[in-house]
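Just below is one structure, and these are the notes that go with it.
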C-alpha cells in the first residue's frame, strides 16, 4: 500500500477506539461534528501525499523500493534535514501554520528512539534497535498516522515518578512483565490528535533514577488497544464557523489525555524497558528533533501572523503611523529570526557518533524555540494594538449575513476606502483566533517549556571558549585556555 | 424612587429596544440565554445598592435629601475620589474584576460633561451645564443604568471625521437642526453593556477642527429611542457553563455597536453642539476619570490573577521552583504598583479651576493605566508558564461530571497530594478565561489605547523641571531655570 | 555645638586616620586632590544646615531643646517620614542626584538599630536600646558625619560566614570579648564616603544561624580607631574637570573598603553582640529605611536624567521624531513612577508595634527600588540613543578651550540653530557621566540587589488575599477565604 | 610592497598630519602616550598579516599576482564573504572584540563605492568605477590603512544638508569645481582611528534630494592633505594601565572629528560628484557590508563578555544560583544568536545584478545588528548584577601592588577558595571596561543606529508573502496572492 488515500485513512479510524469529547462517549470519531475538524486536518497529510505536485517532495522510495512517506525515513544528512524542513513548511503553509499531525510529532519520537535504541543496545546488548526498525517499516508500509505520547500527567511536579504520594501511576509504568510482553498503566496528556491517529508511540518525558526503573519504558500500540481511553481537550469552538473562527474552525489539534488502564504491549513493540539511565536521552532527543519541527512551522505561523498585522493596519488606515511601523518591523524581525535560526540548526546539524544519523544542532534548535516562545506574547500585544478593539467586539458572521442588518454593518464597520467591510471583519476574527489563550499556551508549552529550553542551552553552551576569551582579556594566564585562544599573538604588541 | 431593586431594573429593559445577538433580532433582552449573562452582571449594581452592608458606601443623600447612588454625584474632594475608588473596588471584587456596568463607565462621561459644560458656558454663554445638571438629577432620581457611547466606528483612522471618503457618517454627527432638538446619525462601537442599559450618553471621542463642527456633539437618549439599532459583540461562550468558563460564563460585557439612523435628541438633552474646540476636552476629561476607574478595577483583577497563579503553582507542586517564585514576585509587584499609582492619582487629585470639582491626577492616572496595559501580556505569559498545558488541553466540566470517566479524570488529572483534582481543573479553566484574547484586547484598548496614554503623558509632563535639573548639572545658566532650581546653593561649594 | 559649619567638619577629619587612594597612603584626606571632591560633596550637608532658607526643614529642636539635624532624630509619624523625604530631595537636587553622605546612609542604619535593639531588649533583657539612644544623642550633639558599614567582603557567596574556607574573617566578627568591650576583625566594602566621615556604624548584612553567632555584631567606632584601614574605590576621574565630567568631577562617593584588624569597641558602643536571630532583622530594617532614601534620591536623579534627554533631543533637532517622543514619554513615566511609589511608601507607612516608631511601607519601598533599578539600563539605552555618538566621541573641554581649534569646534559641533555649541557639548558630557558603568552598578547594587528586593517582595506579599479572590472566581469554597472575600454576595445573582 | 610590516605602517604616519588630543596639537602621533594605544591596536593588522599562521587566511594573490590583503579585494562569492568573516573574527578575537581598524571599516566603504559606482556609470555614463578600481589597486599595492568618513556632523538633524540654517557646511560639500578636481568643505565625526590611518575615504551618510546636489560627493584623500584637522575623541584613560583598564588601556578606537577646510581632491580620486540620486545608495550599501562586519566582531565581543560573566559568577561562588544561571543562559543565547544570524547573512548572500559582486543578505544583516544592539543594555545589566558592586568600588591596581596593603587586599577581596584574589579583581575591572558608556554608545550607534536598522528592515520585508498567508487564512480571495500561496490545495479539504 505505502501511500494511503485520505479516505483510507478515515476508514481506518472506525476501529472501536474509546474516545470522549464534550462529556460524551463518541460513537464514531469520523462523524462527530467537532472531531471531524481534527479528522480533516490530519487527513491533509494524505491529501498532500497524493497530490502530484508535492509527491516528489513528500514521498521517497525506501530501501525496499516502495514509495513511502519521506518523514518516516531516518535523516542521514544535512540535505535530509533541510528537505524535512521543507515538508513541514508545506504542511504548515497549507494548514494556516499548523502541520497536520498524521506523522508530524511522532516522526520525531521515532527518530529519537532510533538514535537512543542503538545507544542502549551498545551498552546493554539489548535488541531495541531492531524493534524500532521493524516498527518503522510497518509504519512506512501502511502509511499510518501515529501520535507521540510524551508528557505524563505528572501529579506533583516536585516529585519524581516513584516518589508520587497519592498513587504511583502519574507516569506510565510497567505493572507486570509477561513472557510475550508487558502490561502498562498510567496516563499521557496533551497528546496532539491522538483520537484521530492509528498508532500511539510512548516514551518517557524526563530523566529518571534507578528508583524510577519501572517508569523507564517506551513502546508503541494501536490507538484502539484494550484499556486505552482518550478524553479530548475542550474544543475551542462548538460548531464549524469559518467566518468567526477561521483557524479554530478548521484546526482542532485535540491535545487529548490518554489513559492506559493495564494495556498489553507485545515485546516486539518495546523500545525501552527499565534502562532508566536512557530515559532522559529519549526525551531529550525527541525534544531535539521536535524543536526543529516546531520552529519550522512557527516560522510559517508567524508569516501568517505578521501578514494579518500588516493587512489590518492597512484596513484601518494606520500603516504609516510611526508606532505601527515600528511594531510591524519588530514582527518582521521576529518572523525572520525564527526562520534563520531554525534553518541554521539544519545547516549546521550534528552527526550521531557511530551511526549514520544526523540531528539538528541542539543549541541552535533550543535557541530558536526559545526565541519564538519568549517573544510570542509581545507579538500578540502588538497585533492586538494595531488591530483595535474590533478584534473582540465584532458581531458574528451570522449577524453580517443577516439581511436585516447587513447593510448597516457594511456601512459602519468598514475601514479605509476600497477595502470591503467583510475583509476587515474576517481579518479581525482571524486575529482573535491567532491570539487566543490556546495559541498562547501552545506556544509556551508545546515542544517543551521555556525552562526546558534554558536548561538545554545552559548544558550545551561552550563555556570554555567564552572563559578563554575573558581570561585572556583580563591578562590572566591560568592554563585553561581554549585551542582557539591559546596561541593567539600578544596584544598589545611590543612595537 | 432613587434606589431601584434588581427586579425594577430588569423590568425597565422591556421597552421595545432593537438589539441583535448571534445573528438574530432579540425579542426580550432580559430572557435571551446569553444576554441574560450581561443582565445579571449589570444587575449586581442594584443588588449591592440594596445590600445593607454596602449602602453607606454606595449611596448618599443628594442635595434634595434623597438617597441616591453616590457615583451619580459629582466628586468635590480627594475623599470623594477615594470613596468612589472604594466603590469600584467593591464592584470589581464581587464580579471577578469586572465592575457591573450599570453606571460604571458612563459616570465618568457624566463627570466629563459636567466639567467641560461649565467651560463651554463660560466661553460661549451657552447653557449646557444646566442640561447636564438636570440630566444628572433625572438619573439620580430614577437610579438609571446608562452606557457611555464614546468610540465612533471611525472608518479610515488616518482621516478626521469630515475627511472620510466612503461616507460622512463614520463619526456621529448632526444631520439636521430643529427648533426642539437635533437629528443625529452615525455609529458608536465597543459600547459596554449598552443593550442592557436604560440610557446612552454620547460624546465625541477625539479633538476636532472647525470642519468637523457637525461632529462636535454630546447628548443623552433612552436606549429604545427610534432609530437606534444595537448589535452585540460576539459572545465568548455559547451557553452558561461556570466550570469551563468561570469568568466568561458570568460576565458578558457585550461591547456592542450602536447605530444611530437619524435619531432625534431633544434640546434639553444636548451637552455640546458645534463647539468643536471643546470636543477634545470632553474626550480627554472622560479618559481622565475613566482611567482612574480602569486602574481601580484592574488592581482587583490582578489580585485575582495573581492568586490564580499562586494557587496553580501550589497545585502543581512548583511554588518553590526559583523561576516560578520569580514570576510570582513579578506578579505581586505588578498588582501592587497598579494599586499604588492608581490610589495616588486620587490622593494627589487636581481641582478644576473656578469650580468645586476635582478629578484624578491625569499624569498619574495615565501612568497607571499604561503600566497596567503595557505589562499585561507579560503577566499572561507568566501565568500560562506556571499553569502548564492543562490550561488549554483540559477536558470539559461535562467530562468531569460524566460517571463513565469521572474516576479516571480524578485519578490522573490531580496535582499535589491533598489538592482535590476538581480544584486544579477549575483553576486551569479560570486561567484560560483570564488570558483569553478578549481579556488581552480589553486590557490594551479599553479606557484608551497605549498610544493615547503616551500622548497624554507627554503633554502633561513637567519638562521644565527636568530641564532645569539637567541644565544646572551641565553648568549651563541659560536663564530658564525652574523655581525649584534657580536659588539652590552652588555645588561644589567654595570651601 | 549641635550644628557644625563646613569648616568645623573639615577640620575634624584631620585625625590620623589611615586612608589609601590610587596606590598611596593619604597624608591629609582634606587636601588630597581627588578625595577633596568627596570632602566638598559631604560638606554640602553642613552648608545646607547653615543656610537660613533650609534650616527649618533640615534641623529641629530635640528633646533637650537643642537644634539638631532632623535626620538624626527618630521618625515617629507619616509626617516625619515625608519631611525626611523632602530633606533627601533637597540634598539630591543640590548635588545632581546624589545626597551628600554626611548622614544620608547611616541615619537609616541608626533607625534600624533603634527599632531592632528594642526588640532584642524585649526578648533577651539586654540594654542595647540605651546604647543606641546614647549614641544618637552623641551624634546629634556633635553633628557628626557617619558612614554605614553594612556589606561584608563575603568571600564565597555560596557559604555563610562561619562556613568560609580560606579564612574566617570574610564577615566582621568578634575575636575577643573583654570586660570593657570587644575586639573585632573583618572588612566591610562599598562603604560610601567612609574616608571622609567621623564615625562608622557597623551592622550585619544578612540573616545568620547559631554557628554564625560571632558574626552577629553591630557597633559604632570613630573612623580613626586604631586598626582601621580604609582603601578608596578607584576614582572615576584623575583630576577635577567639570566640563568633561560634570557629575564625576563633583561627586566622588568613594565606596571604600574598610578593614578592621582587631579593632577595640567599648561596650557602650555595642548594639548587637551574639543575638544571631536578630542579625537579619537589622539588615532588613536598614534596607527598609534605606530603600526609601534610595528611591527618593533616585527620583531626583531621574528628573535630571530625563531633563538631559529632552534637552539633547532639542539640541539635536529631533525632539519631534516619533521614536524620540516615545522614549521621552517612557522616561517621564519612569521618573514619576519612582516618585509616586516612593512617596506612597511614606504616606502608607507602618508603625512598629509596642513602639512610637514608624517606617516606610516595606512592600512599597521594595517595589519602588526594584522598579528603579530594573528599568535603569533601558533608560540609559534610550538617552544614549537620543543623544547620539557624540556622547562618547566628543573631544575634551580642553580642546574646546584651545584657541587653535575653538572656532572649528564651535562651527562644526553645533546642533540646532540658536543653541550654543558649548551647551550641546556639555550636555553630551553630562550624559556620558550619567550612563557610566559606575552609575549602572550603583543603581543595581546600592541599597540592595535586585534579588534582595525580590526576596523581600515575595516575603511581604499578601498572597492570602490574592488566593481568596481566585478561589472565589473558580467557585471553590475551601474555607480559607480572606475577610475581604468571605462575605461578598453571590455572583452571578439568583434573579 | 603589498604587505607592510608594522614598523613600515608606523613610519608612514609621520607625515605632518594635523591632529589634536586632550587639548593639544600632537607633534608625532606615533609617540603620543595615549594615541600610541590606538597606533598599536591598528598595527595589529600588520602583525597578523606577517604572521605565517594567518597569512593564507588574511592575504591573497590579486589579479596581478601580488599577495595583498584579502579584505582589499572585492567579494565575489558566498565563500569570499565567509572568509572575510573569518578574518574579522580573528582580528576581533586577538584584540578583545575590537578588530584593529587599519582596513576594517573602510573596506566596507570601498565595497560600497565599488557596487554603486557601477550603477552610476550605467545610468550616467560616468567613469567612477575605474577610479574606484584604480584606488583599490593603490591600496592593495601599498597595503595602506584607511579610515571611513561617513557620518557628517549634521547640525540640526531635522533638516537636510542644504536646509541647514546656521551655516551650509554641516555636511561635506563641494565648494569649488576645478579642472583637475574639487575643493570640499565640511566635517565628519566619529571617524574611527582616522588620526592613525594613511587615507580617508569619504562618502555621504544619507539619501539626498536635488537641492543637496553639492553634498552628494564621495572621494578619498591622504590623511595629511592640506586643510584637514583631526580632533581626537576624549580618551577613556589618561595613562596606560592594563590592570584597571584591560580593554580601554589597549584599545583606543579614537572616533575622531575630521574637519575639511577647503581640501583639494584630484579628479581621479572622486567616486561620486553630484549624482544626488545615488548618495543614499552608497550609505545604504556601506551599512549593508558594515553591519556584517559589525555583527561578526560583536559575536566575538560577546564571547568574551559572556566568559567574563561566567568566570565572575564562579569567582563569587554564585554560578549555581538559579537567577545567575538564568542570566548566563540568556547571555549564551544572545551570543550565539548574533553568530548564527550574522553567519546566515553570508551563507544566504545576495548577488548584485549585472555584476560579479555579492553582498551580505541585507535583511539578515540588519536583523543581526539590531538584535545585538537592542539587547546590549540588558546584557550589561546581567553581568553587573552577577559581578556585584566590586565592579566599580574595587581599589586600583596600584593599591594592589602597594606592599603596605597588598596582603590586606589579598586576604579580604578574594572570592571562592582556590581563586587568586588578583583574578577576581582583574575580572571586575574587565567588566567595568566592558560596560562603560563608551561601549554602550558604540553598540547603539556604530554601524548605524537602531532606527536605521528598523527602516532598512521595514523596506526589505517580504510583506506580500506575509499578506498572502493571512489573506488565505481569512478566506479572502483578493487576487493578490503570492506564488507560494496561490496554488495551495484547499483547506479544510472536502472529504
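Per-chain residue numbering starts at 1, and chain names A, B, C and D are given in the order in which the chains are listed.
To be clear about the criterion, a contact is a pair of C-beta atoms (placed from the backbone, for glycine too) under 8 Å apart; a residue touches a chain by one contact, two chains touch by 3 or more.
Being a predicted model, the structure only gives us computed values, none of them experimental.
Show which chains lie in contact with subunit A and also with subunit B.
The common neighbours are C, D.
Tell me, please, which of A-B, C-D or B-C gives a repeat of the A-D interface, judged by over half of the contact pairs matching in residue number.
B-C
How many angstrom lie between the centres of subunit B and subunit C, each centre taken as the mean Cα position?
40
If you average the CA atoms of subunit A and of subunit C, how far apart do the two points sit, in angstrom?
50
If a residue has to touch 2 or more other chains to count, which residues of subunit D qualify?
323, 326 - these are the residues of subunit D that touch more than one other chain.
Using the contact definition from the top, classify how the chains connect: line, ring, star, complete or other.
complete
Across the complex, what residues on subunit A touch subunit C?
322-323, 326
Once bound in the complex, which stretches of subunit C touch subunit D?
Going through subunit C, the ones touching subunit D are 20, 22-25, 151, 153, 155-159, 165-167, 169-170, 186-187, 189-190, 229, 231-234, 238, 244, 255-257, 259, 261, 316-318, 320-321, 323, 376-378, 380-381, 384-385, 388-399, 401-402, 404-405, 408-409, 411-417, 431-433, 435-438, 440-442, 444-446, 449-451.
Which residues, counting only subunit B, touch subunit C once they are in their complex?
Residues of subunit B touching subunit C: 6-7, 10, 37, 39-41, 43-44, 47-48, 51, 53, 93-97, 242-243, 246-247, 250, 300, 303-308, 310-311, 325-326, 328-329, 332-333, 335-337, 340-341, 343-344, 347, 363-364, 367, 370-371, 422-423, 426-427, 429-430, 454, 457-458, 461, 463, 465-476, 478, 484-485, 487-489, 491-493, 495.
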